[in-house]
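All remarks here apply to the structure that follows.
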């Protein structure tokens, strides 16, 4: 059995062979070359991203949490003047206003961002579609974090005041909706920073383009964009532990019982299975390449 | 009257003339050239750093607070793997250990660092000489921040576990004692980061060398050093407001009443006065250059 | 010995006689009639308001605390639409902005107001002259209450956003400075409410006129004013206990040891003594009526 | 399409016509006149109060939250002595007992009341039928709010100590059970205040009679009753935003897709639909007037 | 109807007779004598421990909560030196490390233990199988309680540092898995204490043997074991109220409506029913003794 | 130099000789034998208990803190039914009342007791003479701990409701006043427990008699008394670290500079000095045995 934390690289395709079990992030639907390589090798491939328990995707959650908690730290750094930031210390100082942080989305990413932004001392506003989740946040922070429904009007009004905007909108299996339009940038404070965690799904800003850890920011209309793909890679010690916590139980099931028994006993693994001995068994992948 | 936020630059010496009142950071004792220039111009010079109220230095406090709160944010950024950091996310993630932050000193700098480090979610330990201040911190954080006396033994034991160390030891008017020795670095986790806020007073690590915002870090024995002189300059919007909050009342006193009346009415200004019409009136400066 | 909680009423003057000890609020300096009545009766009169311990006035503190904590509750009520209030619920609701509360002063009154305003869930801003007290508040509320220096500029900017303004400026023995000018009212939200706790010292708004509990509010330029003199009288059960907690130890000293011994042993009582057997022994009273 | 926040008034009946979509609070079951008017006009009428998602009524929730958070503020005001209140300051003062607040019910109304009552500083006790919800409150407030099962015995014992009682019992679609009987009033502290938020469903006190914002309180057996129907109307700015947050997504669905498609796609709207082109399609309304 | 809080004693068997309803903890599966006595007497016996609502066992919950909250208090006492404890004060002192508490399991028992351990001021670590529950704890305590997945590796590493270990692993209807092996004890600090709340289900330490309140602790390999069966009996006033809160509604249903109607109306009672007029109607009991 | 943590034992007297420096707790005033032994040996003896800095006794503080935090843990244990306690779990359970804890005194002992009692979840009431300290506690706990002035009346009323009473009254150098009289015991709940931390100064209960860790409790009038002398000895690991933190700086001063220089430079050591080369140099000791 092969366990990885990223998709197989092209250089690794030659290593696959029939009978192997592969358990990792796959993302086959947009990746024809990989799909074909794995089919050809007749590998049995389970994907982290389609393992589903109670309508949640527990092998995506740890990475979302890490990225969410990381986002306000990245944004804080780039608010420094030498990066043309607004020059407002996120934590503020006695007798001054702390920075204002606008978080779009209150799922796992948004919850992680909220906790760290609030902990640093920023004036934090969270926008979310569902009211029930906003009510939980309101309860948990005793009203110290402001909640608002996620509407274009609210974004337009709030984005003018923000030093930091965190894009935390993730749609399971789909493209993040674009909520921050180009014209909005012109209304923002010069030097404000957008940390777009949803970059891996296309980004929630019209101006989002994926970047790497080595070259993480760029400026459009005076607004910095931090749009690093695969953010959790910055803190691998935390990310690896967090991911392994989630994957280990499934690895043990596969390793101890074998594929046949694992699929019989555990429905989530059936959803996780993408390829089986040369055949596509996942609907979305079949639709793309079948 | 001239109000500045930094010492006069050499290029500005020619602008001074008799009768002027200068109110800014001066730091004359180690700076012969500046002392002589101001004496020659017969400027009346008040120094922020010697204005004293109730044994405190209220015009240093705001900058200390900004630097203290800023320190954990700088350290957090450089814990990323691409800077050879430990790769531990300061806030941690569910099911993993958060980063461990060791703060040397619990004055204004240390208090600011403690609040943000704890707010981010780091496991925070504060070392301080005075027990009374530790007791206050213990009370304020309900024991969630660990306190220890500042001894070589405690530093030696704790520094091994730390992902981040914040040097927050400031001695009014003197050199910071060196508490982190070179041999200690070898016992630290590879990739740990020292943020030495006391760099402006010589630094509390043996290996501290002042750096600038453009080139803020360097590595010794596998340990990163963030040792930017004048840290608060990174967030000028916050720093300027915080400093002006503190200086404005004194500026108004000088501007409205004149030097004579101000000195008669306000003892703190008498301590602030360093030079008067060509004469050194501050003891430390006189000892250095008189 | 006579212990009261308010100044003697004119109707009671006839009851005084030589040899009596009177211990109550007196406020003799602005009240000639009362001064003369007590002098004539040769009463030994101690005033609550001049009893001083460590530069504090411990018999004024309890009433200040009650008035301060009460202020946000009064303001909350009058924000209702039927009083032409702004119609913003102080606690807000999930997905809406809570009311904004501006508190002028961070002494005992301001601290009490801050705690209840923050507890209700208002977005709270505290302005104060002294930075040290602001730093304490910043520490105590972990930055969730915003602090600003008390300047005309800050008031002007913040008052535009406020639903509620609490005047908590008290100058020991003097007149409260007027910080809210008439022109500022026109910049406020229609229906905002000013609760001027400093009304007993003249008020910190130009438009403040004392009112009673039966007719507590009036409107100027669209802004409601709650300016009840002697606010703590509204909750006598709490006020009486709080005041008695503070006065009882002194009453016991006077009752058990007699005036002579009490004055010999306790310096604060010497400051409290205003009249002694027909003579004015307090400087301020002597200056007024001597 | 017509969107309202209250039932249509008789004066408006003439404005209805076939083909219109009405989306508002309707409460048709007890209102024959309105039902007939709408049937006759062949209006398609959706009711806020029957729109159901996951066994919750999301268009009632915002109003419940506003009323719940508002209740302790109303009660606080009427505890003043001039309304014959108990004269206990809800927040208390150092060295005195704060007011005691008894909350019947821990649904949305009770949760809102609990947060503000606790925030003000009252000693708060929450009674509820379900133990699971009490456990959540116990966890959220770390035990600082006391929880008890909602039984007649517990009410009898606790109501004697209470300065304030908040009736927060709401039964979806039914009459609130009467839990505070007339004899209980005689055991209460004179001047205590009952804020009966459940008045719109008949009230949880035997002595509850609906009142208006202009005349909100009356006294029975020495106990004040605040029993204003439609409490959220007092703070319309907050209420309107909160309600619109909840209704807007459904309005957009109806406006963009039309009734046919909306009903096909969204089950909650099918529950919300009461009348369709002259026919009653809701069971409870049909039972009443069909 | 007979309501009890413990299984019937042998001495009471003679008191049973046909037609009686018995509602109490029964635990018949491992107890043949009792099963036969009740069958013979043709008693209708409902068991607390099999009453099930929404996959929870609400009549077990209160006792679990009491035991969980009690555990850190018991452990704290036995950390005293005179019991050969580690001599670390659980709350620590300013400038020292507080005790470290390891909690295995985050169900009702673990949640109760976490709250009190954290409240006392211990450095608390919670291990649990499910990540979702860990995420809730992380959120509720803002990261101040550390969370880790429940794996042998994590236990092995953490148990070395622990002053106190709380066994809070309960498997509904089954035997607790043994997670603390004998060899692990040797790696623990001498004087550390294990409070094994799961003793009633066999215990989660290999070395757990049930004890009584009169003789609650014993030492194995230098590690104290507190393994009292039926812990909640130590605080009967709290336990009785907590249990009665949960049982009373069901007692009223049985008392008011009779067995027939109660079973017809309430599914949970059907699960609770173990014996009916001389017949075993519960599957597990039937399997054991049928 | 000899450093100890307890007074010299009789068995050790023979070990003393001229020229030695002794630095430990001495308590010579009530102990003639020890005084004479040390005088005869011409030891230079410094006492921890008379070392004074800013009117505080910093070498007593750590032990007071330990004893204070320990007290609620001891009381919690003895509330168990098997010790005839009230049987109320200090932390309570959902739906029940937690135990009530009455703390007499808000100095270092009282502050420590308050923190742990509140942390456990007890309903906590603190009585203190000084109002300023009560205000601090009220602020620190946001009103969740009730404060009351320390009067006989308040004790009488509150002690009836208490499950636990903590005596935390310590008078520097004197006898604790007796505040809990024998008749008060009869009004207490049967099984309530008094933890009298002030036992070392005579105790604040009339019925207090010193006990040892081996036999810590006894019952008078149905009320348990925990009155162990030298409570911190129970947790020596914490106590030793805490004490050493405080003594070490002074030990270094004595060891590095010698007695002469130490006395010249450090006023607190002059107050600490009790005996010098055969002569009594402390006033209180001289008064007793001079």
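Odds and ends about this structure:
The letters A, B, C, D, E and F name the chains in turn, as written, and every chain counts its residues from 1.
Methods note: a residue touches a chain if its C-beta (ideal position, glycine included) is under 8 Å from a C-beta of that chain, and two chains touch if they have at least 3 such contacts.
Bear in mind the structure is a predicted one, so any value in this text is a computation, not a measurement.
Looking at the partners of chain A and chain D together, the chains they share are C, E.
Chains making contact with chain A as well as with chain E: B, D.
Chain pairs D-E and A-C differ in how many C-beta pairs are in contact, and the one with more is A-C. Residue contact pairs shared with A-D exceed half only for one pair among A-B, B-F or B-E, and that pair is B-F. Each chain gets a centre from the mean of its Cα atoms; for chain C and chain F, those two points are 39 Å apart.
Computed from the mean C-alpha positions, the centre of chain D lies at a distance of 53 Å from the centre of chain F. Mean C-alpha position of chain C lies 37 Å from that of chain D. Of all residues in chain E, those that touch two or more other chains are 62, 65, 91-92, 94-96, 115, 119, 121, 131, 135, 140, 142-143, 148-149, 245. In terms of inter-chain touching, the protein chains here follow a pattern that is not a line, ring, star or complete graph.
Chains that are in contact with each other form these pairs: A-B, A-C, A-D, A-E, B-C, B-E, B-F, C-D, C-F, D-E, D-F, E-F. The touching residues of chain E, when paired with chain A in their complex, are 131-132, 135, 139-140, 142-143, 148-149, 151. Across the interface of their complex, chain C is touched by residues 62, 65-66, 69-70, 73-74, 76-77, 79-82, 86-97, 112, 115-116, 118-121, 213-214, 233-239, 241-242, 245 of chain D. Those residues of chain B lying in contact with chain C across their complex are 56, 58, 61-62, 65, 111, 115, 119, 140, 245-246, 248.
By the touch rule above, chain B contacts chain E in their complex via residues 91-92, 94-98, 121, 123, 131, 134-135, 138, 142-144, 146-149.
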